[in-house]
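Before any comments, here is the structure.
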Amino acid sequence: MIAIAGTIAIVLLRRSALARAAFGWSFLWTSTWDPVALRFGALPFIYGTLATTAIAIAIALPLGLGAAVCLAELMPRRLADPLTFLIELLVAVPSVIYGLVGVFVLVPAIRSLEQAVGPVLGSIPLFAGPAYGVGLLAAGILLAVMVVPFIVSVSREVLLAVPQTQRDAALALGATRWETVRDVVVPYARSGILGSVFLALARALGETMAVTMVIGNRPEIAASLFAPAYTMAAVLANEFTEATDEVYLAALVEIALVLFAITLAINALARLLIASVRAAPGAQRP
Amino acid sequence: MNATYRHRRRVERLMFGATAGATVATLGVLVFLLGYIAWQGATSLSWSFFTALPAPVGEAGGGMANAIVGSAKLLLTAALVGIPVGFLGGVYLAEYGRGSLASCVRYAADVLNGIPSIVIGITVYALVVIPIGHFSTLAGGVALGVMMVPVALRSTEEFLRLVPDSLREAALALGAPRWVTIVRVVIPAASRGITTGLLLSLARVAGETAPLLFTALNNRFWSPGWLQPTASLPVMIFTYAIAPYEDWHRQAWAAGLVLLALVLGTNVLARFLLRSGAVRSA
Amino acid sequence: MLDPALTRVRPSAAAADVPVKIAVRELVVHYGATCALEAVSLDVPAHRVTALIGPSGCGKSTFLRCLNRMNDHIPGARVGGQVTIDGDPIYGPEVDPVALRRRIGMVFQKSNPFPKSVFDNVAFGPRVHGERDPVRLSEITERTLRQAALWDEVKDRLDRSALELSGGQQQRLCIARALAVEPEVVLMDEPASALDPIATAKIEELIHELKSAYTIVIVTHNMQQAARVSDLTAYFYLGRLIEFGPTERVFTNPTRPETEDYITGRFG
């Protein structure tokens, strides 16, 4: 087990050695990606990965937390339990299937949206650019759909774990049920909810297939939501088998290394947060 | 005085309405997803899908028989790689796992679980594909197997932990050695849960595409033995979906439906099996 | 089986010149199919301490929770009968429980401070009801913490977590928190049962000081405590009100044999 995890790290380090030697740390903030001239920089991919993930969380967090509140506080268990089960089924759907729906349903829909919105909001940098359909927005929305079930599932669990006496205290003071949820229950479950966000984050960062199919595959940094972009996982999926040159290959492996490191860090944080909620529910600092 | 209460009540109704909306939206996505795939896939499905090989590029017709068989072979390999490691690891953690070594193993399993599948694919590429010299079913199976391990390990451990200690104590008190207790008493008691857990881990990797991209690659024909590149359902879906041919798109939907049905079906089946009790005690 | 005619209790048991704060008539409570309270009628006098005693499961806590409509939040609970405070109905479609709970506050058996600072705990109630002015909030916090005899112990650590306080201090904090919304009535559900004798004594002393400003109804399973602390005592058994009268009389000269059995310890 430990052997496996360790092996992966070692292999990645060795295979990327060429690239690391050639480019050093500046690999992380160079934005040229030129397989012909053999000059590589990871910045466009890091940007694409972070941007799509940020969009995904921005959509998924309010949606997921809202659904979790409804399922934990409002609905009777007999209704909420099967519905939660259904939502958790979304986690089992293979990524390539999300990609399939993304390519044939989401992208055309966004293209129409962009065409409608372009003339009105086109001067704002966030919405500028031709209406391709593929791009940051499409990938962000698809990712949001994929990670929402994580947030719903874990948040619901931690909300249900908040002791009833806390709610009783707030209600007895004359708070409405909504105020109780907003000011007592959710703050109590804060770290668990944050943990679920980190889990969603980790999943979104490493997500490959669905994103590859709708991102547009352009290694450039642009501010617009409508711009095609590229993520670390997507470039690996598309170009790994095409890489003919040793340095090219090593550069790609180095991107894999960066991805590996980031997901490692986020996962560790997530586990820590969720564990702290389970361990000491009564002893939280305000 | 009354006005503030009415206002607070209005806010409450608004916010709770919003949360209900969020729930409906999330469920709506699921329903839409399933429905759309069912519709598109069902209209494209035909007998030849299951029996024919892919047609030459540009020609209409053909099927995915090789992809179906390929996926099956990959899963078989993955099971051979992943189940022993995951199962035995789970047994170790549940029965002998106290102390820092066990925590390390558990932590490593969580880490492995979180690694993007494409990174695992690259690693297996370096370790298996390069030495062999070309892509192969074996490499694909190994990659999928590696992904299975953490899931299989965690679920095995959890179900073994559910077996009450009283069972273990009873067997030990009768003079049975530790490993006999485990093999003859504890594992059978948790067998249903463990089986469903392993089934679920298999279902999880059945839909994985990324790790196969650089290990098993793809193949428009049958793939004999274990050392040739092979087609698989997920990779075919990917390839066909991004290609410009209308006919290929239809086949991608059909394949998507088949894959989704298999994966979700396994998940739902597993949950129902678990509902009637994961562990037999006494 | 007890004959209902024999067990009808005169609701008003205090002296004639003491105003009635809460009047309860024919209160009935069902949890699903089980009947938890049967036709209870009782007058809670103002500025007095009324104790509710009886063996476990007799309905005293259920009765208490009816007074501030906390039973509304128990699924399957059905309440019948009439309850009024100063003549205003407590139940009824036009009554807002949120507004009601400002007038009738509650302290629970196991102290339940929020995982926030001491200050934020006490200020929670006023904030929820719309108070935003930090000066006013500080005033309220200091006043109620003094009333709860906790000010000196926490005045230098208002920003620290409430969970750092001892059990007895936390319970007094919960009392201060309940007082912060300026209720007229304070309901206490076995407030000292989880505390050591010293902390218990402090709470009892507190109750004695509070009754001049508030009306107090306290549920307790500790008869000595009821005898020490209350002016009136109501004895519940199996969901019925058996006896209600001035504490001294109930304990030294009970009119009903069931009361005497309980008080002399013939059963749990």
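For the reader, a short list of remarks on this structure follows.
To keep things simple, chains are lettered A, B and C as they appear, and every chain counts its residues starting from 1.
To be clear about the criterion, a contact is a pair of C-beta atoms (placed from the backbone, for glycine too) under 8 Å apart; a residue touches a chain by one contact, two chains touch by 3 or more.
Just so it is clear, the model here is predicted, and its values are computed rather than measured.
Taken as a graph of touching chains, this assembly is fully connected, with contact between every pair of chains.
At the centre of the protein atoms shown, by the Cα-centroid criterion, sits A.
Subunit A and subunit C, compared by their mean Cα positions, are separated by 50 Å. One simple way to say how far apart two chains are is to compare their mean CA positions; for subunit A and subunit B this gives 20 Å. We define each chain's centre as the mean of its Cα atoms; on that basis subunit B and subunit C are separated by 55 Å. Residues of subunit A found to touch two or more other chains are 176, 179. Shared interface positions of subunit C, i.e. residues touching 2 or more other chains, are given as 98-99, 129. Shown for subunit B are the residues in touch with two or more other chains, namely 8-9.
Every residue of subunit A that touches subunit C in the complex is listed here, in rising order: 76, 163, 165-176, 179, 183-184, 187-188, 282-286. Residues 68, 70, 73, 75, 98-102, 105-106, 108, 110, 112-117, 120, 124-125, 128-129, 161-163, 174, 177-178, 181 of subunit C are the ones that touch subunit A when the two sit in their complex.
Touching subunit C in their complex are the following residues of subunit B: 1-2, 4-5, 8-9. Residues 1-2, 4-5, 7-8, 11-12, 15, 62-67, 69-71, 74, 83, 85-87, 89-90, 92-101, 103-105, 145, 148-149, 152, 176-179, 182, 202, 205-209, 212-213, 233, 236-237, 240-241, 253, 256, 259-260, 263-264, 266-268, 271 of subunit A are the ones touching subunit B in the complex.
Across the complex, subunit C meets subunit B through its residues 96, 98-99, 129-130.
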